[in-house]
Amino acid sequence: MTANTVVGVPKESAAGERRVALVPKVVERLRARNLSVVVEPGAGLAALIPDDAYVHSGATLGDPWAADVVVKVAPPNETEVGALRAGSVLIGFLAPLTDPGKAKALRERGVTAFAMESIPRISRAQSMDALSSQANVAGYRAAMLAAEHLTRFFPMLTTAAGTVPPAKVLVLGVGVAGLQALATARRLGAHTTGYDVRPEVADQVRSVGAQWLDLGIEAAGSGGYARALTDAEREEQQRQLGKAITGFDAVITTAQVPGRTAPTLVTAEAVEGMRAGSVVVDLAGESGGNCELTEPGEIVVAHSVTVASPLNLPATMPEHASELYARNVQALLELLVDADGALSVDFTDEVVAGACVTKEA
Amino acid sequence: MTANTVVGVPKESAAGERRVALVPKVVERLRARNLSVVVEPGAGLAALIPDDAYVHSGATLGDPWAADVVVKVAPPNETEVGALRAGSVLIGFLAPLTDPGKAKALRERGVTAFAMESIPRISRAQSMDALSSQANVAGYRAAMLAAEHLTRFFPMLTTAAGTVPPAKVLVLGVGVAGLQALATARRLGAHTTGYDVRPEVADQVRSVGAQWLDLGIEAAGSGGYARALTDAEREEQQRQLGKAITGFDAVITTAQVPGRTAPTLVTAEAVEGMRAGSVVVDLAGESGGNCELTEPGEIVVAHSVTVASPLNLPATMPEHASELYARNVQALLELLVDADGALSVDFTDEVVAGACVTKEA
Amino acid sequence: MSRETGIQLLYIVAFALFIYGLMGLTGPRTAVRGNWIAAAGMGVAVVATLLTPGLGNWWLILLGVAIGTAVGVPSARQVKMTAMPQMVALFNGVGGGAVALIAWVEFRESAGFAHAPGHVAVASLFSAVVGSVSFWGSLVAYGKLQEVITGRPVGIGKLQQPLNLVLLLVSAACAGVIIGGGDAEVLILGLLLSAAALGVMVVLPIGGADMPVVISLLNALTGLSAAAMGLALDNTALIVAGMIVGASGTILTNLMAKAMNRSIPAIVAGGFGGGGGAGPAASGDQTVRRTSASDAAVQMAYANQVIIVPGYGMAVAQAQHAVRELADMLEARGVEVYYAIHPVAGRMPGHMNVLLAEADVPYERLKEMEDINREFSRTDVAVVIGANDVTNPAARTDPSSPIYGMPILNVDESRSVIVLKRGMAPGFAGVDNALYFDAKTSMLFGDAKSSVAEVTEELKAL
Amino acid sequence: MSRETGIQLLYIVAFALFIYGLMGLTGPRTAVRGNWIAAAGMGVAVVATLLTPGLGNWWLILLGVAIGTAVGVPSARQVKMTAMPQMVALFNGVGGGAVALIAWVEFRESAGFAHAPGHVAVASLFSAVVGSVSFWGSLVAYGKLQEVITGRPVGIGKLQQPLNLVLLLVSAACAGVIIGGGDAEVLILGLLLSAAALGVMVVLPIGGADMPVVISLLNALTGLSAAAMGLALDNTALIVAGMIVGASGTILTNLMAKAMNRSIPAIVAGGFGGGGGAGPAASGDQTVRRTSASDAAVQMAYANQVIIVPGYGMAVAQAQHAVRELADMLEARGVEVYYAIHPVAGRMPGHMNVLLAEADVPYERLKEMEDINREFSRTDVAVVIGANDVTNPAARTDPSSPIYGMPILNVDESRSVIVLKRGMAPGFAGVDNALYFDAKTSMLFGDAKSSVAEVTEELKAL
Amino acid sequence: MLVENLAVLVLAGFVGFAVISKVPNTLHTPLMSGTNAIHGIVLLGGLIVAGLGAEGVLDKVLLVIAIAFGTINVIGGFLVTDRMLGMFKNGPKRDGSAK
Amino acid sequence: MLVENLAVLVLAGFVGFAVISKVPNTLHTPLMSGTNAIHGIVLLGGLIVAGLGAEGVLDKVLLVIAIAFGTINVIGGFLVTDRMLGMFKNGPKRDGSAK
């Protein structure tokens, strides 16, 4: 490995992906750590970051694929895998659990790859936790999306033309995204309620001023995640949720179990029970959705209820989403290089080991 | 005039108009006042109100144009004017100041027409003030729209991946819509500032927790409205605003002077001065817009700044917008009928006289 | 133990009961009990005195007590609540009168204090002067409050002060001559009469609104005269009781004056007017009643139901958090609190909702106009915070008013109304509000945020 | 005016100064002045006494005063701040000792109070007993605090109470015989010694943590003995001063016991342990220091800069509005207040921002970790409200900790730390926090919202 | 004797001062009325002077008036105070139920 | 005489009681120390008994000790209290600037 490692930032190729892996502010910081940054021309345009800004912060424009370390947001497509230099390092979301083929291709290419989603969620690695940072954006946007599609006000308003009651918002699955969705909806004046299968979430739900919906089903898994429910539990949950959901104007679902398809929480019947004009925002679309009527990436209207399943919400707020992601990447990069900016990867480190999906043989 | 006046509710024909002039709740109340209501099938669909709901509340489905009183939201198009029965009464937004031809056509048709926007803004008539009720919806949606198009967060968030500062939102022209936009943006966590030419607005701006931008130009007109600025004042205003706007992430403009084209507050130059990714939401598009780059009804991106000029924001939240509008209409109707539900219009009443644009000869 | 000692011990018990009772009187919870404890002390003191060896003239004593009881009990029982202040003035006056009379008799009995030690004469004469001032001053105060005499200041202008000084000097001169050995009855009469004139002259020029402070001051003076009489008679109970009343009465007078924004010297100098504590801008001849944060606090604390009526002023003051805190505090005391949200309160639709949501007021506590209007007649206190037009009864009653026909919140139906605003300025519609001149309305002037905070603080102290 | 009268008047002046000084001592603003006013009163009293006609034995007096000054001044000047409590105990003890000795001398000089009125004997003997108890009890208290004697309770178990009773009865019996006419010196010696043994026996079984309450109690007793001596010597100054100390000391003892969650009877019965006011769940042998709302309030009120560190507990308690109010109050007093926002405080990114924005905390007051970490060393008080992991120094120092490597807020660098939480439960990471056992940390246990509200209330009372 | 009385006087003054430090405005009037009743203690003076010998008719008349005055002050004072305080009791009737 | 003294005693008790009603915990220790200094007034007893005649040597010795004790109590008490209170003064130095 040579000193002064070069970091390449390609333009994202996935449809609708407006994020970029590094932002100028972070480029500056990496420069201070003796790293060179090569940015593909136009890489930041979708996030409204002009090339100038990168140059200004000390990056050069050029071919990112020739770099020692390539940092991306979305997993590389086949062409991009092919463009990677053998022996180089790739950092980005790599979907190792849902798309194991990608890891294989990378291994074959002789690339050392670190998946952002595999970084262990331990205290020390919080600054690299891109799942959290992007889920946070997604939660905020989900609440906005619900407000946008609802034909009603979120806040209560007493006016000369009558009083509008506050919208009732239910969040199913209260992880990082769910909490932020609850908090944002409440800020807008909605009456918020949260539900999860992990019992410790009750306090967290209350801590953002929301109410806790208790269905009596507990399913805490390991590492702060939930476990999958048994069939009996699932049925009971659907039945009870179906009843509860009727009273809500907007339902935001974020329930996921790592590496599995998302549990179905909102049945077609439950949607039918909702008032006309209500909204379901399903953030679990990528893993199949929490709502039976979800068509990932689409907005469908059924029984006058809007069911939206945006696939990549963080990309709809590209500037801050990129900025937060870039900071995560920066924290990981700083773990991988020494003081001189030379790559020096310690594979015994818990974080490095956890994140690494393939290693140059 | 016969007892038991029939009120007709047609389906709105204007493009993008999702509102409806009466909602089931209000139909019920009118029934209690001895009025019959005929609803055109499908009239409520765009607002996600099924025909059933109307029938359930006591309306009949049928031809609304044969009714004694036709209530609409948007001004009637030529066909609709033709469908009106001579001697009938029409209530709705009629744009009397900007489209005097419509009044003429209605007069020729022998219709008595009341324009919702002409109802005097006096205390007693507040419950009929559809300008306020719809401006309120528009202000709320404008803030949401700004948040949606901004590539950044509205609220400040300190996270493991860095701190995001609160968005700075400036509202130019702080009438009803402007105040609600300020309040909504602030709820979402933005740092808000308001500007207007009427000096009494300063306190109102502060009363929703926003800051007051003082440029030293005062132009209070009559009836609580602003007067048009002189040329010198306009230039001075544009110059100063141009400087101030640079520092804001989102600018929402609502400045209007009744019956005139909207003043230009945000020059092309000012837009150029804004940070990439910033947003201008121009609510004055209908009367030409407050921003030089505004294309009414369009979303344009110039110098990486999004300039959105939604034309009929209340229609994007049809259920509550319709409900509030229907309440306004109901209040006016109640003024026009006697206890038996017979039409009995007192043209000496200040409100009735003000609202009336043509009278059956 | 000698009988003397026993009497002295009883006196100690008596004043201990006075003090204990008085401590009770300073808190609303213990006040009733405190009053009766003090009364028990009085009983002990009277019994102790009656045990004095060699006491005679029983029929005299009995007669006096019987007359006193016959007059005192019914008048105390039957006086109307509204006439309480003048009753207190009267009771205070007769107390002062008793002191003056006793001093007079002592003078006569002792041939002008011929053989008494110097301090006895001084103390007796002091009590005579103060007692007489107190008696006549109280009578004038009574007359003013009872409207027997005009409530407006009556004075002789610039000459007032010199005249009062002359009267004071005359009584002092009489006293001096008596102490110096004079024993002519005219001396004591001169002393009593000049003191009487002084009492009348000092109180006459003071306006009716300031009377409570004046009565309190005379009360403290009567206390001091009692203490002086105690010194003259070498009676501990009198000394302690009189002095306690003198000291606590002085503090109390000060507190009262402060609560009314008056200074005692200014009041006594007779500079103040007859308006009933008029607000800063009483419109026309109508007067408004001011209240203080602590009074407002007590009123709310002992209410069953309080309705808060927020308006544009609350928004301008950004007082929403303070208001929420006040409501919390009241609820913790068991008071039912609701917020009456008028549809056009503030300056934009839903203005109050936005603010109250920010302050995290539970939705269930917010009541719409139609719902809450039924509640006002069942409400003890309506607290109007920076709202004006939306509470203006002119909207119901005055067809010429620009707000005629606008539905309003019927705050005037509640048992009492407290209005928080900065001054008497009108609201958006620019019209005066008759509510402010209603007898059951009291105004707490000041920025809404600070006023609410003050009330909250007072509540905590209760 | 006779010299006697003059002396008496001086005594009145003296105790008036005591009372006035004591009133000053009850508020932090006026305390220093109050202390010197009381001292001035003491000067007046001493001068008045020295004016007593016929006073002799001047060299004796001079010698005593000289010795006292020579011992008292340097020890008061040089004692370390941390040793203040035992110093107070010592000073109190010698006061009690003085009383006992004087009573003894009086006994000897008057041949067993042969010709004195009954109450003089009673009062003298009472002062002797109480003085002796106070002297020896204080010495033991001193020894415990100075760690000359073990701080842990030393007792003889079940026999303690009966033994103490016997000792009390013995001294009472001696007193009885003396009053009955006995004049053998052995009687007074027996009385003094049994009282001495009683003092030792009562204090020995009490743990070091309760010593402040015990000292206060002994202080009140010494006051009473002084008052008794005043009765015996017919000296008003002694009576008033002694009684004031006796009464105020009793109340103070009660207040202190309440603040420490102790009951006086329980303490005196010797039921309590030696731990230094241990928290509810001191981990291992480490102890935490509890504080009270009022102490926390004083600490914050007199700080130049306070940093508030909010965490998940603030969110759970929904204490954001209360915290904002506290900060406002501090700022109104001129204290600089900042909020230190840790990037992962709470349970979601930006958790604290959302809450503090709801409470309308100005953005300028929110400080990010990197910025505020430089400030802690300049900060008087860091107030940690329901935060735990984000303040845990183990993240810097203990590589085996699950939070090792996480950047934290350096609250431990500030001059003092107040932690508000419900108990000793760990945070999200499940690890103990060494911060809580730090000498400069004090814990205010309870729900964050109510604790903050209490502190605010105390602040208002300051 | 005088001096002892002075001591008592001063102490009583302090007591009065210390007791009435901060009372809610609403209690001002009842408190004034209560202290008013207490200084009805002047009745004692009347009793003593009358009981230990009053000779002339005028003296007797004056004393009867004085005693009657004192009695009115005492009895009326306490009764009126009690009535005033009664008004407060109506309010806090649910006081027990509140925390 | 005794009875008058008792009156004084009772009144002084009330004063002590009324003055110390509610003090912040932080002032407990200085307040205790301050009252401690005040009861150093027992020094007066020593002065009187010594000054009005003590004959035996033992008596004299005892009295010197008593006076010394009293002096220590007074002087030490006030000084220590002042030092304790000095710690408070460091804090509120900007008190003037605050409102």
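In this document, chain identifiers A, B, C, D, E and F correspond to the written order of the chains, with residue numbering beginning at 1 in each.
What we mean here is this: a residue touches a chain if its C-beta (ideal position, glycine included) is under 8 Å from a C-beta of that chain, and two chains touch if they have at least 3 such contacts.
Keep in mind that this is a model prediction, so the values were computed, not measured.
*Asks:* On the document's contact criterion, could you list the chains that touch chain A and likewise touch chain F?
*Replies:* Chains touching both chain A and chain F: C, D.
*Asks:* Counting one step per pair of touching chains, how few steps separate chain D from chain F?
*Replies:* Minimum step count, chain D to chain F: 1.
*Asks:* Quickly list, by label, the chains bordering both chain C and chain E.
*Replies:* D, F
*Asks:* Based on mean C-alpha positions, I'd like to know which chain lies farthest from chain D.
*Replies:* With centres defined by C-alpha atoms, farthest from chain D sits B.
*Asks:* Contact counts by the stated rule: is the higher one at D-E or C-D?
*Replies:* Spelling it out, more C-beta pairs touch across D-E than across the other pair.
*Asks:* Between chain F and chain E, is it the same set of residue numbers doing the touching on each side, over half shared, or a different set?
*Replies:* Same-residue interface.
*Asks:* Using mean CA coordinates as chain centres, what's the chain A-chain C distance in Å?
*Replies:* 68
*Asks:* Find the geometric centre of each of chain A and chain D from their Cα atoms only, then give the gap between the two centres in Å, rounded to an integer.
*Replies:* Spacing between the chain centres: roughly 56 Å.
*Asks:* In whole angstrom, how far does the Cα centroid of chain A sit from the Cα centroid of chain E?
*Replies:* Whole-Å distance between the two chain centres: 78.
*Asks:* Using mean C-alpha positions as chain centres, tell me how far chain B is from chain F in Å, no decimals.
*Replies:* 78
*Asks:* What parts of chain E, by residue number, touch at least two of the other chains?
*Replies:* 1-2, 4-5, 7-8, 11-12, 14-15, 18-19, 21
*Asks:* What positions in chain D touch 2 or more of the other chains?
*Replies:* 15, 19, 23, 236, 240, 318, 343-344, 349-350, 354, 357-358, 360
*Asks:* Where in chain B do residues touch at least two different other chains?
*Replies:* Chain B, residues with two or more chain partners: 126-127, 132-133, 136, 155, 157, 159-162, 164, 187, 189, 209.
*Asks:* So which chains actually touch one another? I want all the pairs, not just one.
*Replies:* A-B, A-C, A-D, B-C, B-D, C-D, C-E, C-F, D-E, D-F, E-F
*Asks:* Report the residues of chain E in contact with chain C in the complex, numbered from low to high.
*Replies:* By the definition above, chain E touches chain C via 1-2, 5, 8-9, 12-17, 19-56, 58-60, 62-89, 91-92, 94-95, 97-99.
*Asks:* Write out the stretch or stretches of chain D touching chain A in their complex.
*Replies:* 312, 315-316, 318, 343-344, 346-351, 354-355, 357-358, 389, 395, 402-406, 429
*Asks:* Tell me, which parts of chain A touch chain D in their complex?
*Replies:* The touching residues are 122-124, 126-127, 132-133, 136, 139, 176, 179-180, 183, 187, 203-204, 206-209.
*Asks:* Hey, which residues of chain F end up touching chain E in the complex?
*Replies:* Per the stated touch rule, the residues are 1, 4-5, 7-8, 11-12, 14-15, 18-19, 21.
*Asks:* Under the touch definition given earlier, write down the residues of chain D that touch chain F in their complex.
*Replies:* Touching chain F from chain D are residues 15, 18-19, 21-23, 25-29, 31-32, 34-36, 38-39, 41-42, 45-46, 49-50, 52, 54-58, 60-61, 63-65, 67-69, 71-73, 75-77, 79, 81, 84-85, 87-88, 90-92, 94-95, 97-99, 101-102, 104-106, 108-109, 117, 119, 212, 215-216, 219-220, 222-223, 225-227, 229-231, 233-252, 255-256, 259, 292, 294-295, 297-299, 301-304, 332-335, 380, 458, 461-462.
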